[in-house]
Each structure stands twice: as C-alpha cells, then as structure tokens.
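As structure tokens, the structure follows; a few thoughts come after it.
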Amino acid sequence: MLSSIIWTPLLFGLIGLLVPKRFAAWVAVFGAVITLGLSIGVLAGFDPDGGMQFVTDVNWIPGLGVDYSLGIDGVSIFLVLLTTVAWIPAICFSAIRGTERPALYYLMLLAGETSTLGAFLAQDLLLFVLFFDLMIVPFYFLFGIWGRDRGGEGDPEGSPGNGLVTVQSATLKMIVFTLIGSLLMLVGAIAAAVISADGGTITFSIQTIVARGLPGGSQNWIFWFFAAAFLVKMPAFPLHGWMPDAYRAAPLPALAVFSAVLSKVGAYGFLRVVLPMMPDASDLFQTTILVLAVGSIIYGSAMAFTKTDLRLVLGFSSVAQLGFITAGIFAFNSSGAEGAVLQMVNHGLVVVPAFLIVAMIAERTGSEELGPMGGLAKKAPVFAAIFLIVTMATLAIPASANFIGEFYILNGLFQVDAAWAIIASSGVALAAFYALRMYQLTMHNPLPDGADSRELSLRDALVLIPMVAIVVVLAFCPQLIVHSSEQAVDSSVAVVREVAK
Amino acid sequence: MSFDAPTMDYAGLSPIIALTTGLVVLVLAAVFDRIKRFGPALALLAYAVTAGCLIWQWDADVDLVSGALRLDGLAVVLSLLAVVSAAVAVLLAIGDPSETQAGRSDWLALLTGSLLGMVILTQATSMLTFFVGLELLSIPLYALCGTNLRRRESLESGLKYLIVGSVGSATLLYGLAMIYGASGATGFQEIADGLQAGDGMLTDSLTLVGVGMVAVGLAFKISIAPFHQWTPDVYQGAPTPVTAFMAVATKAAGFAIFIRFFLVALGPLVDQWDVMLAALAALSIVVGNVGALAQTSLKRMLGYSGVAQAGYMLAGIVTATQAGVDALVFYLAAYVAMNVAAFAVVVIRERQSGFSDDISTLRGLGREKPLLAWPLTIAMLALAGLPPTAGFIGKLYLIQALVDDDWTWLAVMIAIGTMISLGYYLRVVAALWMSPAEGDEAVPADGTPSDAAAAAAGIDTASLPPQIAGAQADPFADPQADRRWYLLAPAIIAMAAALFFGIIPQPLVDFAQHAGDALSVWIS
Amino acid sequence: MTATWAWLVLLFPLLGSLTIGLTFKALPDRTAGLIGVAAIVAAFVCGVLALIGLQGEPSESRHVASSLWEYANVGGLKIDLGIYVDPLSIFMVLVVTGVSSLIHIYSYSYMKSDQGYHRFFSYLNFFVFSMLVLVLAGNFVMLIVGWALVGFASYALISYWYRRNTATKAGMKAFVINVIGDIGLYIAAILIFKNLGSVDYGTVFEKAPEVFSTNQWEIVAICLCLLVGAFAKSAQMPFHTWLADAMEGPTPVSSLIHAATMVTAGVYLIARCHTLFELAPTAADVAAFVGLATLLIAGTIALAVTDLKRIIAYSTMSQIGYMFVGVGIGAYSAGMFHLMTHAFFKALLFMAAGSIISAMANMQDIDKMKGFRKAMPFTAATLIIGALALSGFPGMSGWFSKDEIIDFAHFRRGMYDWMWVGMLIGALMTAIYSFRIIFRILPGPACEEAQYLIDKGHVIHGEPKNPATNEVEDTEVGYPGEEHHIAEQAGGMKFAMAILAFLSIVAGVLQIPGVDEVVTKFLEPTFENSVFAHMHPSTGEAWLGLTEGGLISIAGIAIAWLLYIKRPDLPGKFRQRFSAIHTLCVNKWYGDELVDFLVTNPVKAVGRFCNRVFERFAIDGATAGVAGLTRSAGAAVRDIQSGMLRGYALLMLFGILAIAVYFLIRSL
Amino acid sequence: MDIEWYIVLSALLFTVGFIGVLVRRNPVVVLLCLELMLSAGALSLLAFSRMLGNQDGQVFVLIVLVVAACEVVVGLGLVVAMYRRRLPLDVDEMKELKG
C-alpha cells in the first residue's frame, strides 16, 4: 500500500515519457490524483492509536543490513497527505500553462514526489537518508533546466541579494549546501547503526536503533551530523545561504512544492530520527537549537520585510516559519511538537498557493519585484480575496489553523522558558508586517502603468481554490490533524523528556 | 634425470592461456591484411573466452605455478572488471585515429598485452609475478598512450607516462628488494611468515622503508596523491579509448595487487601502514577534488576525479577488513560502469566535434541528443555519489566499512570530498542541460549576456581549443558517431548498470563479497 | 435555549458576510445591502431573545457555556469552539448588534455610490461576526480569535479604499499594532494555562482566586499581558497612534468600529476578567492610570487638530480612557454603561460628520466648514445632540455615564482622588472640543460647499482628492460624488441618526442613581463575586457628582462659546502665546514619531542590517569564502601541475621522502 | 664485506638515477637514469640474495633486466616518434598538458 503511494508518481512520470508530448501533462495530473487517492485510502484505514501502521519490510541490501522498510504513523501521515495534495496544484498549474520538454519536466516533478514520499515513509534509517538525498536530484534538474537567470532588474530599495543570479550557480549552491548536510548525515546514520549494534548484526531499522540506544558520547557528534542536514534543508538561519539564489532562479510551480514540502522533511527528520535516537544529545543541545530556531524566526522575518523580491519574501518567511516549527519540536513537550506538526502541514498548504499566486502576479505585471507593482485587486476581486486568505493564513491570524499551530508552539516553548516564547512571539508581529506588506504592495495602492489587473482564469481558480478551501476547512477543525498525530508525536518527544528528567 | 616440474593446473590457468592465445593471434593477424579488419572481433572473442574461463573458474581457490599465482575470488572478480573495460575500449576504439594510425591489430595487441598483465597482476602472489604483471600492464600502456601519432599531446602523454611510471616501477622494485631482504622470501605468504618469524623485523627500518617504497610504487599506478601528477596529463593526452581503459582497468588491477600485497604479505604490519595509507587517501581526496574544480577538459577533469576516487577506494584498504575490501571492490565495479558511460560519451562527442573534449562542447546536448546526455548525466551523478546510482551505494558501503573499523574521520573526509566534487561533476550536468547549445549562444533566450553564464560555469569561451576550427578537415571526424551502436551501446549499458545497481545493489554486493571472501583467511 | 440563540447571533452575520461576498457578481447592490442589514437585525433579534432566555434563569445561574466541537486539544491545553453567555456578554451583544444595525442602515444609503458596495457590506457583516465572537467567546483562545478577527476586519475596512496609499498605510499600522496586542493576549492565555491548567472562562475565573494570592507576580504578569491586548485594541497609550489614521476608512466604519464597538473591546476584556484584575490590583491601577493619561492627552489633541474625523477619533480615545479608568478602579457597570452611551453618541457624531464631509466633497478640515446650520438642519441637530451627550450636559446620557465613573474614583479616595481631578479636567476639555466642532461648523455664513447645497439641493462635485494629503486621486476609490447621499436627503441615514439621537438623549434613564440603575442590576450576576460589587457611592454622593459634572460641562460649553463665537480671535492668540503646547498637541504629542523612533525605526534598521550587512557579509561572505578557499586550493593544485615532468618527479621525491621519514621515525 | 656497503651503493645508484631524472632534460638521458634506478633495485636484490643464500633474488634480477630493456625500447620508440614529428627533444618542452 505504502509502496504504491511512493512509486505511483514515478510510474506515471515514466508513462509520460512514452505518450505524445501534449498528453504528458495530463498523465502527470492523473498520476498525482491517483497518488492522492491512495494516500486518502491510507488515511481512511489509519488508526490514530495504532502506532506504526501499513508496515512493509523487505530485505533490500542484506549485505549491508539495509531494508526496504516503510511504515506510517501519526507524525508522517499528514505530511504524506500534504505532499500528495501539494503536488496536484503545482502540476495542474504547469499543465495549464505548458512547459518546454513536458515529458521530462513532469518526470522530474513526479520523481520529486516519489522521493519526498519515500523520505516520509521510510522506517529504515538508510532508506530515509537515501530518499532524503534523492529528493534534491529532480529538483536540481527542475530548477536548472526550467529555471531562469535573474538579473538585478527593478531594485528600488537597492537591496543586495537582488543582483545577478545564474541558474547554474544557484542550483550548484543549493545542491552543495544540501549535500553538505546529507552526506554528513549518511556518515552519522551509518555510525548510529554501527555503534548501536555494538558488534552485533548491523541493522538500520530506526525502531531497532532507538531500542538499542546510543551511548551518550557518540550521540553528541551524530546529533550534529543529522542536525546539519536538517537545518540546511529547512533552511534555518544561518545555514540558509543557498536559499535566496535558488528561490530566485527556480520555476515557480516546482518552487511551490519545494518550499511547501521539502523543507518539512528536515523538521520531520528531527522528530522521526534525532529526538528518539539521540535523546541525550537533543537534551544537551536544546538551547543551541532553540537559539538557531529563534534566530531563524527573527532573522527570517527581518529579511522578509526588507526584501522586495516576492519569492524572497516568501522564502524568508519560510525560514521564519521553519524556525517556529523547529522551536516547537525542541520544546520537548507534546504541545510544542504537536504544534510543530500542525504548523508543518499548515505552512505547506499555504505556501503552495502563495507561490502560484506569485506566478500569476508576475504574469500580470511582468515582474516579481514589490516596488513597481500594486493595485491588482482592481479588476480581480476573487484573486485578491484568495490572496488575502493566503496572506492571513501566512501571518497565522487567529482562527486559522496556523494560529493554533503557533499557539501550541509558543505554549510548548513557554514550558521550557518564558523568554523563548516571548522572543519567538515577536516573530508573529513581524509576520503580520511582512505578509501584509506583500499583500498590499501587490493588490492594493494605485495600479502602475503596464500592469494588467485581470481576474483569475477559471482553470487557475480551480487550481487555487481547493488549496484555499483546505486551509479554510482546517481553520475550523485543526483537531482533525491534532487528534490523529498526538499519540505518535508525543511518543517521539517523550523519549527526550524521560532523559531530561 | 628426473625433473620436478611444477604441477600445471590448466583449468586455473585457462584465463591466462586464453588471453595469451588471443594476444598471439592478434600479433600474427597484423601480418595478414585480410584478417586485420576483423581485429576487433578477434579481440572481443578472446576477451569473451577469457571472461568465460573466469566465470567457469568462479569458485576456484587454487595456487598456480608453485604459488606464483593464485586464482581466487579476488582475482576472478577484478580480472572480470579489467576484461570488461578492455572490451569496452576495443569497441570505443573502432574508428579512432589512434587505432588506425597504430595499425589496428598492433593496437589491439598492445591492449591485450596490457590486459594480460592485469590478469596476471590480479592473481600474483609472488614478488616476481607482481613485478612482471605490473610491467606487462604498464609498458604496452605507455605505447598505447602515444599511438595517436599526429597529436603532439598523445606523444607527450606517452613519454610522460613512461618516465613517471618508470620512476614508480623503480621505486617499487627498490621497495620489493628491501622487503625481500627483510623477509628473505618472494612469495606473499612467505614474506608474511618471514617478517613475523624474524626478530624485530616488523618494526625494522629496512622493512618499513621497503613498505613505504612499495606503497609509493603502487600509488603511482592507481594515481594516489602526491604521486598522481601524471594522471590528468596522461588522461587528457592519451587517445580517449586508452584513457577509458586506463582509468578503469589499471585501477582494478592496481587495487587487486594493492589488496593482496598489503593484506597478505604485509598483513602483519597493518598497524604500521594503515595511518600512512589513510593519510594518502585523505590527501588524494582533497587534491583530486579541488584539482578537478576548474578544469575545462572533460578528460582532464575525469583524471582528477580518478585521483579522488582512488582516494575513496584506498580507504577500503585502510580498514584492512573484509568489509573494506568488499566495499572497495563494489566501488570499483560501480566505478567501471560510471566511467565507461562517461568515456563512451566523450568519445562520441570528440568525433562529432573535431576532437575536443572541452566541457563547452557538451552544451545543449540534453535538448538535442538526450541519448548522449543521459549516460553522461547518470555517470556524473554516480561519480558524485547521488542516489539512485551505484555510486551512492558504493560510498555508503565504504563509509560503513570505515565507520565500522573506527575510521570515522576518513568517512567524513569522503563526505567532504564528495561535496567538493559536486562543483565539477554538476558543471558537466549543467552544461548538458542548463546551457543553450553553442549555436544559440548569439541569441540568449532570456536577454542576459551569456558571457555571465559562461563565466559562472568557468568556461572561457574565448579560449576554446583551436581543434574546433579545423573540425571540417579532420579525416577521423564522424558526425554520425552518435548513431554507431558500438559507441552508444557501452554508454547505455553502463548507464543502465549504474542505475540498476543503485536500485538493486545486492547482486553487485554479492559480486564484491566474492572477492572479499577470498581473503577471509588473512583478514577478519 | 439561550445558547442556541447566542449561536444564532453569531451565525447570521457570518452567513450575511459569506452570502454577500460570494454573490458579488450575481446580486444587485441594493439586495446585498438589504441582506447585510437583515443579517444584523436578525442577530439583534436573536440577541434580544437570548437576553430574554437568560433573564428567565435565576440570578445565580445566569451564565451558559456551550461548545460546538473540540477545536484542538494537545497536552492538556484543550480548546473548545465554545461560547459563554452571561449578562455581560449579552449586554455587549446587544450594544454591538444594536448599533451595528443602525450603522448598516445608515451605510445602506451612505455607501450607495461606492463601487465596492458588496465588498463593503461583506466586510461590515464580517466585522460584526468577529466582534460577536469576541464578546461571546467561551475561552481565552476564542477570545483571541475574535480579537484578531476584528483586527482583520478593521484592517480590511480601513484599507477599504485600497487604491489610496494613505488608506493602505493606515490599515497596515492598525493591523500591526493590533497584532502586537494579540501577542499580549497569546502570552496571557499561555500563562493562564500554565498556572490554571485551562483557558475556559468558567474554570479560570473559578480557580484563579484559589491559585493566586493578591498581587502574586504571575497574576500581575497575566493581567499586564491582557492589558497590552486591551490597550492596543482600544487605542490607549502607547498603542494609540493607529486610531487617528484609521479615519482613512469610510465614515460608517469609523462610526461602527473605531468609535462604537471594536475599540471598546479592551474595556470589555477588563470587565470580563475582573476576577483576575482584582487579584492584581497593581495591574488594575495600571489600566486606570493609562486610561487617565490617554484621556487627558487625547483631550488636548482633540482641542488642537482641525480634521473633523480626527477630532472625534481623539475624543473616542479620550472617552475610552474614561472607561478604562472605570473598569480599572472597579466601577464595572459604570464603565460598561459609559461604553453603551458612548456607542450611541459617538456613532451619532460620526454619522453627522460623515454627512457633513460628503457635503464638503470629502473635505474634512473644520477650518473650511461654516454655516451648515442652514444647509443641513437635521444633521446640525443631531450633531448638537451628540456633542451635548459627549460633553455630559445635564440630562443627556453621557452625563449619567461619565459622571458615574468620575464619582466612583472620588468615592475610592486615596490616590484615586487624583484621578478624579484628572477626569474632571478631562470632562472640561471634552465639553470644549465638542462645542468647538459645533461652533466652528454650524453657525455663521455658509461656506462655498454649504451654499452650493442650499442652492442646488445636491452635493458639490469637487475634484477627487485625498483628504489627508490633498493629492488628486482616481475616482474609483469610492469617492463621494454628486449622487452621494447626505443625511438630509437619505431616509436610511436619517432614520439611523434619529434613533441614535434619541438614544443619546434618553439612555441615561437606565441608570438614574437611586432610581432604577438598570445596568448595574442587569450586570450584577457577572460581577457578583467582585469585591466592588456592593461598593458604590450613596445616592446623595452620586447626585452630588452629577451636579459637579453638569456644571463643568456647562462651563466647558461656555468657554467654547467664548472662544469660538464671542471672541474668535482668542484661539489664535492662545496659539501664539502657547505655541509650544499647541505644536505639541497638533502633532499629537509626537506619538507617531516616538513609536517610529523607539520601535519602527529600530526594527527597520535591524531589517536593513540583516539584509545589507549580515546577509551580504556573513552569509554570502562565508559561502563565498569557503567556495573561494576551495577554488584557490584548486588553483594551487593546478599550479603545481605545471606540465613540467621534472616538477612531477620532484613532488614524487618529496612524497617518497615524507613516507620514508615517517617510517624511519616509526621504526625508531 | 658487509651487506651494508651493497645497500649503500644501491641507494647511491638509486639517488643518482633519481637526481638524473630531476636535472636532465634530454629524454634519452632521462631513460638512462631510469635504467640506473632499476639497476639499483637489481643490485640490492642480488646482494640480499647472496646474503640470504636463496636464488629467488637472482631470478628476479633476470626479469628486471628484461623489463628494463622493454621499457627503454618503448621509451626510445616514443622519442623517435617525437623526433619524426620534429618536436623538441626536451622534457621541459613537454608541457602542452598541464593545469
């Protein structure tokens, strides 16, 4: 069952290579929808109190002790759903507009989905690392082939970082940064398995390693090998150096899913791997990680309201949001961690439409710079309304599920130390500022010459509205997610809590 | 007078016999013009028979020729790799200027001779066979490098390789002499016994300096820094089929004897040499990777990359464990696949583009000739160690062996080296997929000056090799090269192998473990 | 049953908002307006029914908690989608829906020529929904939800004419300041959960006295955090700067949100949490003092500025200051009563102002207005009624409500006597600035626009300008043109204003000391556990206070008459004489500049620093540095690779020597 | 006579050969020096063989001599090929390949 979820997208991607070019897009859409259907099927059969479910466990490389082992629990199920949901609008958006070399494009996009789902479902440490590394490959191609060079066009505030970016340097930066972390993680994963085996049979099963436990001294360095991978992936301050260039160069539909889902794998990794496997080290480095997380919140927000490139505003807002999520996880209580999981889903759901909206704005104004735009709401009330909802969800206005996520995170942080919560909460105010700034400077104010305020096309609306609808529905009952994941999330952090005592 | 002739195990010797026969036939064929045309077929037939014999002897574990040779899993596995890469070289050489100018049959005879040296080397268990095999491997290669007579670089590379290689051989010989002096034996097992038996021989300066010089000599052959400097020059200068052969097969044979000599003969000294080899491995990883960074010649870049890869593989020996050997062999096998894929494409591109292997000649290939672009792309991703390729599993295997034996810092070095390596492997990928083809350059699609893109990729468009200009006049140029099955097939098969063993690695793991099992007597 | 009615109160405005919002293309404008009005009136009716239901209960059980479903529940922090109905919330529901109904009716006419009619009513209905969520919330998280949603609605309506730069800026300011207030509430809610294990009103108010001792630091912290929220929403110092700018919104919005309902939410919050504030008297005193400071400062500003809507806005701040003092010192019912009467007369004042502004072709400067008594007699009458009520003229509603607060401060003695004095001074200023408006606008020869109205019978059509900056702007921002309605000619507006005028006059009857005291009695079940529940001045003292208040009010009106009618040269002289004070007041005590200096600029500086310095040098620099290091290592390797064979041999020699030396050392 | 003398002599030979490779620019002379280096190895093999009293070393030396000859043949062949292409016979001029 889980295998079929993982491999269906890739299968359809490959089918897309065989059919005539003009059908490739619709094959991809079909594949993504089937994957969503499968994941909903899993959700239907999911038991919130059942621990790890739908387990698949096959020897993959017996010579190395690596298994093809999949499973789903409360932590991963909604991230899987998020993935399968998020890919659909991205693919549809591209399908409506058409791309160059469509077969390859959709193959890469769907391969990205496969590897992301793999990372969420893997229960074998090495399989996780493998999928984690694999994720970056299709996105490297997506960004590199379908991205474009960005000049320093229209830079009213003269802000640096809006200079020339070439696709090649941007993608190279991205992949090198990401792999710095993940190669170290590979070493760390192997070390974890080897050390925990302590001379016995080496196995990479996460549950076995957790059960065997790691000695405290080894935990400390293995922790950082993993943390490096996850923090870069998110990205967290100050390891976000790859993000601005990559975001500016990337094609927007691919960027949408990248930002929405791939960044979550890092946070997920903390919850799935780092906390249970290295509880002592997690406890030991709690403050350090919290400093980084809170630093991400502040720095991401500060950058987000300074940047004029819409992609960067969203990119740095993601840095800030991921800061919240990391902080929640490292509060080591169910409130914080559960808030983090909820926030992962929420942020993913919000970011996809946000980036697609940026693409639509760029179509209307010919620019992605905030300075020379505005007034787009004039003839596009539906567009503006959708963007408004997305903006409000981004800034986590109370009544949105994002608020509940942040609230629980802050509550969790407060249990650690009030100071964390108070500093982190300044991120909420800053978020209000940058998100609203983004909305106002595009939709409000006078319409500049050359910009074309026009309403969403019906097809675009059909892409955006379901996402927004999910956001709205979740706003009414975040408990849907909270309830199903609480048990699993709590068991992840409980390990550390035990140690901390 | 009774004569105590050594017992001949003809079954065990069959690979060598088959190959020698092939060699003789090829040399003879040179005389007959009619048969000459079938040289490649003859060579391939000989290799096929050799490979058949090797597979027939898959489970062999015998001493041959009174302990001068030994046919076991290690020998079979690594010989197979060498034979496969030689066969690929034969295919890639069809229509190559070097092969034509040197006289087809002669060229093939040289290649077969070198291959024979390799097969002997993989089986060698005595200093004599060791040295003979090594020289039999090397000397034809020196000549092969210089076979493209009209290119100055080819001759230059041949002579450079010869001189540097001979220094290496001499150093090796000197080291062997010292070990002989210290242990009083030439057979590997006897050396180990002699060293252990002799009083204080394990830490004697004579022994240790000997070990050092042997290590240096072997390091030359497998391009370990700081003895790597011939590698980029020779890789670039030699005819590409030779480079392909050299890159892969020499490493297979070199590592075979490295493993056998250090783990069997010098096994008792493991605590003496492991740190030295680790240091050499780390140095190679760094030097190879940073050296490759700004190269414009693809072959030269692969040369540096070979230095780095040799560093990774040497790490497998450092552990002196069976897992380390398994990992090394696995990596070597994966390395064969990735390099064959890469070099095959280089050969095709060379013939199409007037014998330039500049990375800029690859631009836009992804759009125009995906069948060429994909093998090279996969090869680069595999060399960079990205999933889902065999390269990733290979690194994983190596790192696991290292971590298991408490060489975590070396594992981290591999990780760091891999990060640096992305800088040049991905430049190739970027050139394939992310740059407009050369013809489009005048009209950049997005209006930004393409100089910037080129500069970012480190390609100086002004200094393209002059060969491009003379492309039309070149008699060996072959615009249809991308349709030649004998060029394309190796590329595609190798790509498929690199992917297949990345997704289903277990067969290759078994293959590698067969090699490691052969040493189970000597190492844990 | 009460709960059901309360849910229906919430449902109607939400439905109205959604219906209008989703059918903006299908429904004609008038229908949309009618739906909007109907939704609010229905909510009002349901509110009344809920009131009846509640009154049917015995006094001690006059509160109902109801929950639709579990909103979220993690780690013991259980949040229900729940409401809490008691006299206080019903009181607020009635005030909100009542005033909203009238303002909707007013808007139905007033906004007629606006292009975004649907949008306006959708937002307005949504605002009412949010405000009702705020007052009906059953726990602190729901309170935050309502709190933030009204902030959002307020933002949307301030920026309603979104193509006006000043409007969008004002909206942003209001929103961000309100979010800062929200954060105060977040932290308060988290603190409450941490100490009391729940965020439900019922549990919290029950357990708080058992858990906390008086002035224990936790409870003080909770209350101060609550106050941050309250100050921000109610535009109290130092979070007051957004309210004056919020006047960029359409006048009905100013009337509803920024006068009658939303801005008084802070008062409601303190009253709602009186149990907590009584445990933290320090915090309550802070609330009272901030209220006092705000009412005085806002009063002085209202005396100086000339923008009609901004004068009323500062007056609002000032009046809310009174309410804060009221609930801060324990005069809860008085505070709530003033909240109600203020809603009536301030809404009325804004409506009248809106009528005049549309007649002035969107000009808001009172210096340019003159002679509207003849041009717009009905508006003039309502304006006078509003001003009288505001200044606490004897017999008017404001007289009863404001003076009850002032009197209670005197009653509590001690330092509260200083407050009493302060509030009396404030009352004097209130009377002066109220009648400054009246005396400047109404009498005298008609100005050009007023004359035009008298002559032509419709509104003058001026060139559309931004009233704040006088920049010419496009007409599509909903500029009131010729067709625009003014109170004199629009039935809806007239109706709403008439009712409010009536209420402004008579609402005081509800709370005649010693006679009925309806509000106090009605709210008694909510405040019965308060220490101040049975503390109030005697009837005699109350009447004494009312007399003082009345005298001050009359004195203030007299001064205004002196200044603006009898000796119109005096204000100019004062201005010259006390130019420093005048400058201070006209510039709103430099509140904006202070906030800019202390908060906005540092934050922006941090942003600039991050962007231009840190990102460039530390992040990009480190990246480039590592890349450069690697590259230069590569260059070094390539330099050594000189092509010179003898160089290679030399390097080998070094290698051999190094290894030989290593082994020689090992062998020693 | 002590074995040390032979070792020292062979070491000297090796060094002289190496120095020759380092300092001489004519490829033919370089090839000669390489022969010296190989001879150094051969000499010590012979010496050890005598010392140890087994014949392996001497057999080895025979093989070394053959190998040395082969090496020189190929080397000279390349030198001739270069000469025929009128390339300068100077190892320092062989720097087309670098970087």
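Should a chain be cited, it is by its letter among A, B, C and D, assigned in written order, with residues numbered from 1 in that chain.
Throughout what follows, contacts are C-beta pairs under 8 Å (C-beta built on N, C-alpha and C of every residue); 3 or more make two chains touch, one makes a residue touch a chain.
On a predicted model such as this, the values are computed, not experimentally measured, just so you know.
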| item | value |
| --- | --- |
| Central chain (by mean CA position) | A |
| Contact-richer chain pair (by C-beta pairs counted) among C-D and A-B | A-B |
| Averaged-CA centre spacing for the pair subunit D and subunit C, given as whole angstrom | 95 |
| Subunit A-subunit B separation of Cα centroids, rounded to whole Å | 42 |
| Centre-to-centre distance between subunit C and subunit A (centres being mean Cα positions), rounded to whole Å | 37 |
| Whole-Å separation of chain centres (CA-atom averages), subunit B against subunit D | 25 |
| Subunit A residues counted as touching two or more neighbouring chains | none |
| Residues of subunit D touching at least two other chains | 18, 21, 30, 91, 94, 96-99 |
| Residues of subunit C engaged with two or more neighbouring chains | 638, 641, 643, 645, 649 |
| Which pairs of chains touch, using the document's own definition | A-B, A-C, B-C, B-D, C-D |
| In the complex with subunit B, residue positions of subunit D that touch it | 7, 10, 14, 17-18, 21, 27, 30-31, 34, 37-38, 40-42, 44-45, 47-49, 51-52, 54, 56-57, 59-60, 63-64, 67, 70-71, 74-75, 77-79, 81-82, 85, 87, 91, 94, 96-99 |
| Residue ranges of subunit D in contact with subunit C within the complex | 18, 21-23, 25, 30, 91-92, 94-99 |
| Parts of subunit C lying in touch with subunit B, wherever the complex brings them together | 630-631, 633-638, 640-641, 643, 645, 647-649, 651-652, 654-656, 659-660, 662-664, 666-668 |
| Subunit A partner contacts - residues on subunit C that touch it in the complex | 21, 24, 69-77, 79, 81, 119, 141, 144-145, 147-149, 152, 155-156, 159, 162-163, 165, 168, 171-172, 175-176, 179-180, 182-183, 186-187, 189-191, 193-194, 473-474, 476, 603-604, 606-608, 610-612, 614-616, 618-620, 622-623 |
| In the complex with subunit B, residue positions of subunit A that touch it | 60-64, 101, 126, 130-131, 133-134, 136-137, 140-141, 144-145, 148-149, 151, 164, 166-169, 171-172, 175-176, 179-180, 183-184, 186-187, 190-191, 193-194, 202 |
